[in-house]
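Here the chain labels run A, B, C and D in written order, and each chain numbers its own residues starting at 1.
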């Protein structure tokens, strides 16, 4: 556990923090380049995260690719093997499945198989709640957490977004960086200037509490914090652990919190069934057994494709209200 | 070409454009839901190709093929309902914009975002027809951008190998989102790209509805007669942004001006007038009918209910 | 829970049972066809599971495909939509990742999105222990269990292999059928003749016991049963639950067993981290909390690519010895 | 062509064949581990192409390119060690047969089963060279079967688009496992398939080592000079089964006979003798040296230790 949320004075949005991390690293290290669909030119990507980079660093370092995820992630594998540090944008996290072999078969296994390091980052705008339907709302992190050889990061705050992206770029391994796109412009916070690093593999206690622990990450951190405020009104003191990194998992921070509260709810936007929360819950169930005063509970999406229509999507997703209800049940156990 | 058919092609294009204009202004007014794709400029392709199919054929239209949905008989209110996430759309609020609008009763396979999933799926439909000895054809569309994806290659290779009754319409609208053709590939002849698999291929003016209709009809005929698959490259221009939020500042203004002068509806209108197939009164009437039809459709779709959240888990499994 | 392991008189190998299911269904239903790399002609597939089918049913119903998994699974999607029932072989389960979009994005979501049913089966020869290295030994079931809209089956015995494959072919949904290739010729058992069906979604108590429950599936069932025999010598009475279907999961059978034994070990060949066992453990931890006398424990592969060399592969995989040790620890808790 | 080079090409082919023969008989005797791929008949391609590279270039050989590993300087004992799962192989017992045999010091990228992953990876290596302005070339191989996969298309399209210093050798050995070419595609000219992307492409006799060497050298030269990517289709025949367990009964005997008469080593031997570059004594010596070398390598690999299971989790991360 580590990581203050900075006191840099100035505040950035989640999106600006990511853009700043890219600039800082491209400025510092000539080996860093950006590639993906529509990331270049004056356009700067579907979410404009890379806007301005091509003007500043040239087309050589900010490359538009054809619609060929398998191919361009594969290309990033080769670039990385030869010592570059490509940062690949998949336009939506939903399209990361199109590059699956290049990630789970090649990049994930290569260093183990023969020692060739693959220091790339894939930036994947994920998550929903913004009426984008089944193919622009996915949270596919579980596939990659299950795959040996990858690292998986999922920041929830602007400071972590910057600090973890810089760490991911400097990491010698393939790192999948899930950006929670509902946070891009809706969340703003203090972000230290310059070379700010948040270590991969460290969870963070986002809120201290003594009655119950919520373990979460990404956009659900904000829902959990909102729920905690409402629960506080009734004297329920909630601790909130922001995992920040999903692989490798900082189990120690989680266990330490559960040892203190004895009650735990694991929450994520991805569907619950065999999601990352299952691993977190299973680790807690095995390693914190003696401390548990109530069953380890989970809240996640339903086991259905993510629906488009507002009443359906709202029924699909966890939110502060559902979290609050689940915590009340847990506390009443 | 039969006068009734020419008029019908025109009327469908007018309805498609009317739908599109109304949709764009709804979204600009904030009455939309999520994103949406304008197909302005693509009417000749989606209508011309769609009309070339027979009633038992199937088609998987892509995200910009509004006209194909309409000519296959999907009502404007159902389509607007889908765009608005209403229970009355073909996806019952489950899928967004022109995705998930499948209706096998109308011979329509629903679209999926992932490029180019519609291609192998449609090939599979064609293979099912071949398997059962049915004289049916399966058609789909792909963008210039989609031709760069691996699934394009796998599909065309297998379509040629199996001599499937498969027709592919390549909509070369010069851009994939912000990326112009020359940043997507070193070549520029997409019909040649398809021909390299042993697929009959041809390039047509994608703003000439009758040319599209003729070329696709010939391809459908070949497929129906067991003479194998075809690809038609229809060259056009995307006249608005990739999707509603996109101002497309990256497209040179001259390019848009050049293509505005080739507007498929305007052009066809002039041809029909010249040939004496319609007069301006007919055309005015056609426009009014379309506007009336679309206004009703919007009203109905806006009134329609959202799906009941209690049904959210229904339909995951058959 | 259901499913006797048959008393048909005659015994078949696991592979013969699968081949018989294919014959029975192709004979019965003209809509059933087989496709994949090298499945046709006189060859009959890398494992010869489809050998003889092309001679019997013709090339039309037993189709060789090019090396194009994305494309030919996509083609199966279209065939299935038009009312056929394709049974697709991916040559090794490891190559199922190449078809990922056609499975997890198209087939899995289609019925929910607009009502088009996709009644195919993908047959995936999975699992290792036979010195085949990182790309011919994988157990990728967790990816698909996490994906809404699929069904996932993993038989451990010849009777279940036949009965579940017939059920999978008749199911109106996309079913991924994981064949444990180390069992192909090494396991033999009674298999009922003709149209024998085992329902999808039912676990089976493979061994009754009262002290501790092992929940497992696929090749590890045989390791678990071997461990149970050794444990019995010391008076430890082990119940073994064979999940058989991984999605939908038969949680009731598992909970019922745990309620009786109070101790549970979840075992699979796939790597443990965020594997299917995590979901099973999390469900037990939440829903059987009051009955647990010891922590829910798991045994799975290590979080590494599957190594080729015998001492490494043996270190990677669970086996009867490791299961036995884990149960002893659990019982001593 | 320089006589030393011609002799060298021959010697490497002989070493490759000697390795292969020894491997096949070891496996038949049950002294192997897991499966293995014979490359019999492919010597002219893997050696001829491998020799065309410079010391700073990189190559990703495929599962049948034993000769390329050898000419790049990977010792036969290391290769045998890999086949036997020993700690002394380049994958340290982690990967099987000719997979995972990467060694960046020798300019070798390790192979992966998944077809055609080597292609985009190698393109990426070429792009790294271009990015840094280095005059280096990246080369890889693909089978006839592999050309049907989507990644082939995506890679060649991008290679041409970016004018990468990338060379692809297409090993058309008529079969992908049990599937003959005509069951894989409707066309048969794989050089044309590559040319359709705007890649310089040429077909050569894959059993003529000097022809392969010349064609690939020219391609490497073009790439090095910034003139963009090339593909060389080398036509040959897989003389044994797909892998060691496969009797390949599905291959017509006449086809094998026809190709046996074109054996690349026999042919080159006759040419060298005719041209007076070597005599039979030289050749006999060459064979003896190779046999000695391989026998030593096998002995060493068989003696080598297995990896320590305590190290099993080492190296997952860099």
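Here is the rule we go by: a residue touches a chain if its C-beta (ideal position, glycine included) is under 8 Å from a C-beta of that chain, and two chains touch if they have at least 3 such contacts.
Treat the numbers as computed from the prediction; the structure is a model and nothing was measured.
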{"item": "Centroid-based (C-alpha) most distant chain relative to chain C", "value": "B"}
{"item": "Approximate Å spacing (C-alpha centroids) for the pair chain A, chain D", "value": "41"}
{"item": "Centroid distance [mean C-alpha coordinates] between chain D and chain B, Å", "value": "46"}
{"item": "Centre distance in Å when chain A and chain C are each reduced to the mean of their C-alpha atoms", "value": "31"}
{"item": "Where chain B touches two or more other chains, by residue", "value": "91, 94-95, 99-100, 112-114, 148-151, 154, 157, 161, 183-185, 316"}
{"item": "Chain A residues counted as touching two or more neighbouring chains", "value": "66, 68, 70-71, 94, 97-98, 101, 105, 109, 112-113, 134-135, 148-149, 302-305, 307"}
{"item": "Overall pattern in which the protein chains touch one another (line/ring/star/complete/other)", "value": "complete"}
{"item": "Complex interface listing, chain A residues touching chain B", "value": "37-38, 41-43, 46, 64, 66-68, 70-71, 94-95, 97-98, 130-136, 302-305, 307-312, 314-316"}
{"item": "Chain B-facing residues of chain D, complex", "value": "148-154, 157, 160-161, 163, 183-187, 192-193, 196-198"}
{"item": "Chain D residues touching chain A - in the complex, by the definition given at the top", "value": "58, 90-91, 94-95, 99-104, 109-110, 112-114, 117, 119-129, 131, 138, 150-151, 154-155, 157-158, 161, 315-318"}
{"item": "Chain A to chain C touching residues, read off their complex", "value": "94, 97-98, 100-101, 104-105, 108-109, 112-113, 134-135, 142-143, 145-146, 148-149, 247, 271, 273-279, 281-282, 284-287, 289, 292, 294-298, 302-305, 307"}
{"item": "Chain A residues touching chain D - in the complex, by the definition given at the top", "value": "33, 60, 65-66, 68, 70-84, 101-102, 105-106, 109-119, 148-149, 151, 172-173"}
